[in-house]
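Two complexes come next, and they have one chain in common, subunit A, joined by subunit B in the first and subunit C in the second.
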Partner chain A sequence: MTPGAVQSKKPVANARVRGVTGFIAFLAIWEILPDLGVLPARYFPPFHEVFEALARISQTQVFWHSVLYTTQAWFIGLALAFLAAALVGLILGSIPVLWRYTESTIEFLRPIPSVALIPLAVLMFGIDIRSALLLIVYAAFWQILIQILYGVKDVDPVALDTARVYGLTRWSRIRHVAWPTALPYAITGFRLGASVALVLAVTAELVIGNPGIGHQVALAQSAMALPEMYALVIVAGIMGVLVNVLARAIERRLLAWHPSVRSGK
Partner chain B sequence: MYKFICKARTIFLLPIALFALWYFLSADSHNFFFPPLRKILGAFDQIWLTATGTVDIVASLERLAIGFGISLAFALGAGVLLGSSKVLRDYLEPVFEFFRAIPPTVMIPVLLVISGIGDASKIAVISFGCLWPMLLNTIEGVRAVDAVLKDTCDIYHIHGVSRLFVLTLPAASPQIITGMRTGLSIAIILMVISEMFASRNGIGFAIIQFQRTFSIPEMWSGILLLGLIGVLLSLVMRLIERYFLSWYEGLRARS
Partner chain C sequence: MKSHILIRSLVATLGICLSFTAVTSQAASAGAKLEVARVGLLPNAETAAIRLGDQKGFFKDAGIDLKITDTSSGAAAITALIAGQFDIVFANTVSVMQGRDKGLPLVMVDAASTSTGVDGKDFSALVVSSKNTMKSAKELSGKTIASNTVKNIGEVTARLSVAKAGGDAASVKVVEMPFSNMEQALESGQIDAAWMVEPFNTTAKAHGLRDIASNYVDTAPHLTAAAFVSTDNIIKSKADMIKRFRAAIAKTAEYANSHPKEIREIIPTFTKITPQIANTFVIPRYDAEVNVASLDAMLPEMKKLGMISKDFKAESVIYK
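What follows is the complex of A and B.
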């Protein structure tokens, strides 16, 4: 094991360097192409203009409020979806009869695109945060629920029987046997749900007009302020990356005991 | 036979009960936002099953199919290339990961500026959005092809195109299809949103028109239609999966 571990250090460092090089090359190409006339400069401002726009808008209060609004809708929506999915998942997963009768309904409701609910959300809540939450919760709920259901069904029957023999109550069986088994799945669901929730938060802002980054992008577009628009798209991308990084960090933290994480070290 | 009836009962009992509940509870509904299901179904009949309705549905599905198809072709091509070259992957993957992290709907205004209100911008939006999950999954699938199988192909001198169809694509197909499933659900979202944001036709456009004119049963019928399309496309996806991955299911069940 040890020689392999020593050897594997260098490729990792190499990969980092290449990754950064790739990124710099991408930005350089973006900078050059509009100047060379390969891409119409009218629609593709070179990178330095976008970067200046980013520096400019990051000094405004509107920008930070937008970031805050988007983050807030994302967080509340994700939390609600996770709680609801965990509750429903644990109940359905641990009572087989219920699961048998609800499976087809869940399979039917799950692929319904949550954006279909947009007109309803608009009429009922307007640009109130609740319209964004409706979309976010609907989209993230199914992602998380399915994972938790897989997880609860994955519980080792021997472990469950053992717990029963030792006289654990139904609640402690859920707490000490079902939950640890389902946790890795639940966290996968959380990770998937987290990025879906961000997509729907931004989408709601874009189409419905809830305040936030998505709304700012739409405003910049209708004002034809292209450097600002691209800058905001980059900000949305950075938020997406942060959401992924955060979800991964939570995963590593909560599943430090789990083989899949331990072996990765 | 008895078993079959039992199974049918477990599958259909709850959906039918819920639908019936909706139908009867909403029958005398005077709530403006929640009209009786009877009216919604009537509107469905009048709007979507007529010539103009079909035009909208076809316009939407056409853009969906073209956008998804372009992305799939590109994802397979670039995915095989990147999956087989570690160096290329090291250079490009961080950039791709960033693109994937951009919520795809914010690209709608961007592409609208670049290619106008017509079909092109919508197809571009759909392809851009569903590309990343398909591409990254293909890369991952190609990368993880079993080393023994690769060696076997080398020994038998299987190279080029035949290697692609004998080894690489089949071995990566479970990952590719996972990517396609994610890509498809993103594509549907983008199809609807791009039409809601700016369009002249399509299902999303029609639904937003109904909402703006407060034609509530018509709007609900559109929601129902989108749900139906989502469900049907996921069924198609499952058939594709069963066709291409029947060997894989068997393999997994035995191991």
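What follows is the complex of A and C.
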């Protein structure tokens, strides 16, 4: 082991300790505030009640089915968005004329909040996972597309000229020059898209009512079952953390060769 | 292209996942010649009867395979009905009349939930805070009332309640707020009264808040609050199914109204309402027939609020 490695390990461990301590303190404050009457316990149940509710619902089949439904919608939506954005991004990015013609349209469509499409989604697909997928794909697609477009734009012109001089076909140039440059951007887009996809998956369930964690939150809310509602909100939060951890792991794996990842090690 | 195949296989996987649930539930009812009725229901006490009727086999007996999907709101249910996802959905009667008036081909096939008609013991009420000293809804003139949606059944019946008590309905301000936030808003003085339905008013009462009026009872004796809704098109193209559905609902209504204990037992199975609350809160009546007079009673106020056009008739939305 090099001295450098020893030195860099310690702050990581410290950061972890601080993180855990901070989180425990947060839970302790949550537990105490309703008891002290700072927060009304009727509307903000103390942590142990929420934890009990969490323990109870985690033994039910409905709960795990809901987690599965939400994960399923998230995964399919994200995969479709990523594939579509990668395809469109590489084509638009490598044919500048096309981009110039479509940029205004993209800039118009991109800021439309996905939730504004809920009535359209329900009208097209009803209360169904496809409605959720429409929202998820729409939200994640632009996040990823923009990253990939900038990634393709970032390609070194000298490298591209060199490839051209050596007679590489358009497809080979995309595959061997544009894609490796765009990949770090694409992965960033993937990470952003992954979080957005989960947000939209839960939102769709809450508002449209297709099965999943969001629908369970709505059910708990409409029955005034507050500890369970907060427990489900926490589960949604945990899913968000896991999505981020997963996306970071994929990033590290796919970009192991990239300076930004290597220097961070 | 590779990615194209991937997309296709993903879509295929999705299709398989979706059809899997359909296949498993179809297998259960294979054999007898049952006609499928795709029904969208809100998961609340007002839809307990039809679920109980399904469990009791009333729909199978009538040759109907009831396929229930949970909906999140009446608006989403009606949208999905119009989109063709459902044959019949549960929605409140005011939404249905508004939809019909706006040109949607909605028809009330049967009533779903009806007010108990008992003042102070209905599943809908105007609730005030524990500190509030008002004696009747008359004193709500010029005050702020919360409703889960504005310009809907809550607002209309709340205003009628104030008017019936001798107050000035037009001076009431109605604000929109989710049911789950109302208790807190009342106690903090943000609003003066709130329209609540079960289980919220029972929970609120347990916390010291109180009813000041039964707004459905004040509107009409046995107000039809919600209905099973279909479309002009479906009642023509699936006329036989609708007839059989109605026969099953008639049987369901009779059974549900005379077996409240079973209704209370089934509620915790499809909602997150606890058995303790389900055993104590007020459940609606589950009459099958739409009380047209009760719809007529809401029309003048709806017209005043600009919710429907002047010449709208309640009969235009009833199954004949």
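Following the convention adopted for this analysis, the second predicted complex is superposed on the first by the 256 of 265 C-alpha atoms of A that agree within 3 Å, B and C clash if a C-alpha of one lies under 4 Å from a C-alpha of the other, contacts with A are read in each partner's own complex, and residues count from 1 in each chain.
In this text, a contact is a pair of C-beta atoms (placed from the backbone, for glycine too) under 8 Å apart; a residue touches a chain by one contact, two chains touch by 3 or more.
The model shown is predicted, which means the values in this text are computed figures rather than measured ones.
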| item | value |
| --- | --- |
| First (subunit B), second (subunit C), both or neither touched by A:Met224 | both |
| Contacts of A:Ala186 with subunit B and subunit C, given as first, second, both or neither | neither |
| Partner chain(s) touched by A:His215 [first = subunit B, second = subunit C, both, neither] | second |
| First (subunit B), second (subunit C), both or neither touched by A:Ala25 | first |
| Touching partner for A:Ile129 - first (subunit B), second (subunit C), both, neither | second |
| First (subunit B), second (subunit C), both or neither touched by A:Pro119 | both |
| First (subunit B), second (subunit C), both or neither touched by A:Ile76 | second |
| Which of subunit B and subunit C A:Leu206 touches, first, second, both or neither | both |
| Touched partner set for A:Tyr43, first subunit B, second subunit C, both or neither | both |
| Dominant contact partner of subunit A by residue count, subunit C or subunit B | B |
| Those residues of subunit A which subunit B touches in one complex and subunit C touches in the other | 43, 119, 122-124, 206-207, 218, 220-221, 224, 226 |
| Interface residues, subunit C side, partner subunit A - complex | 3, 6-7, 10, 13-14, 17-18, 40, 43-44, 69-73, 76-77, 79-80, 82-86, 178-180, 183-184, 199-200, 203, 207, 271-274, 277 |
| List of subunit A residues in touch with subunit B within their complex | 14-15, 18-23, 25-26, 43-44, 100-105, 108, 110-120, 122-124, 195, 198-199, 201-203, 206-207, 213-214, 217-218, 220-221, 224, 226, 229-230, 232-233, 236-241, 243-244 |
| Residues of subunit B touching subunit A in the complex | 10-15, 18, 33, 87, 90-95, 97-110, 112-114, 185, 188-189, 192-193, 196-197, 204, 207-208, 210-211, 214, 216, 219-220, 222-223, 226-227, 230-231, 233-234 |
| Complex contact set, residues of subunit A against subunit C | 40, 42-43, 72, 76, 79-80, 83-84, 86-87, 119, 122-129, 133, 206-209, 211, 215-216, 218-226, 228 |
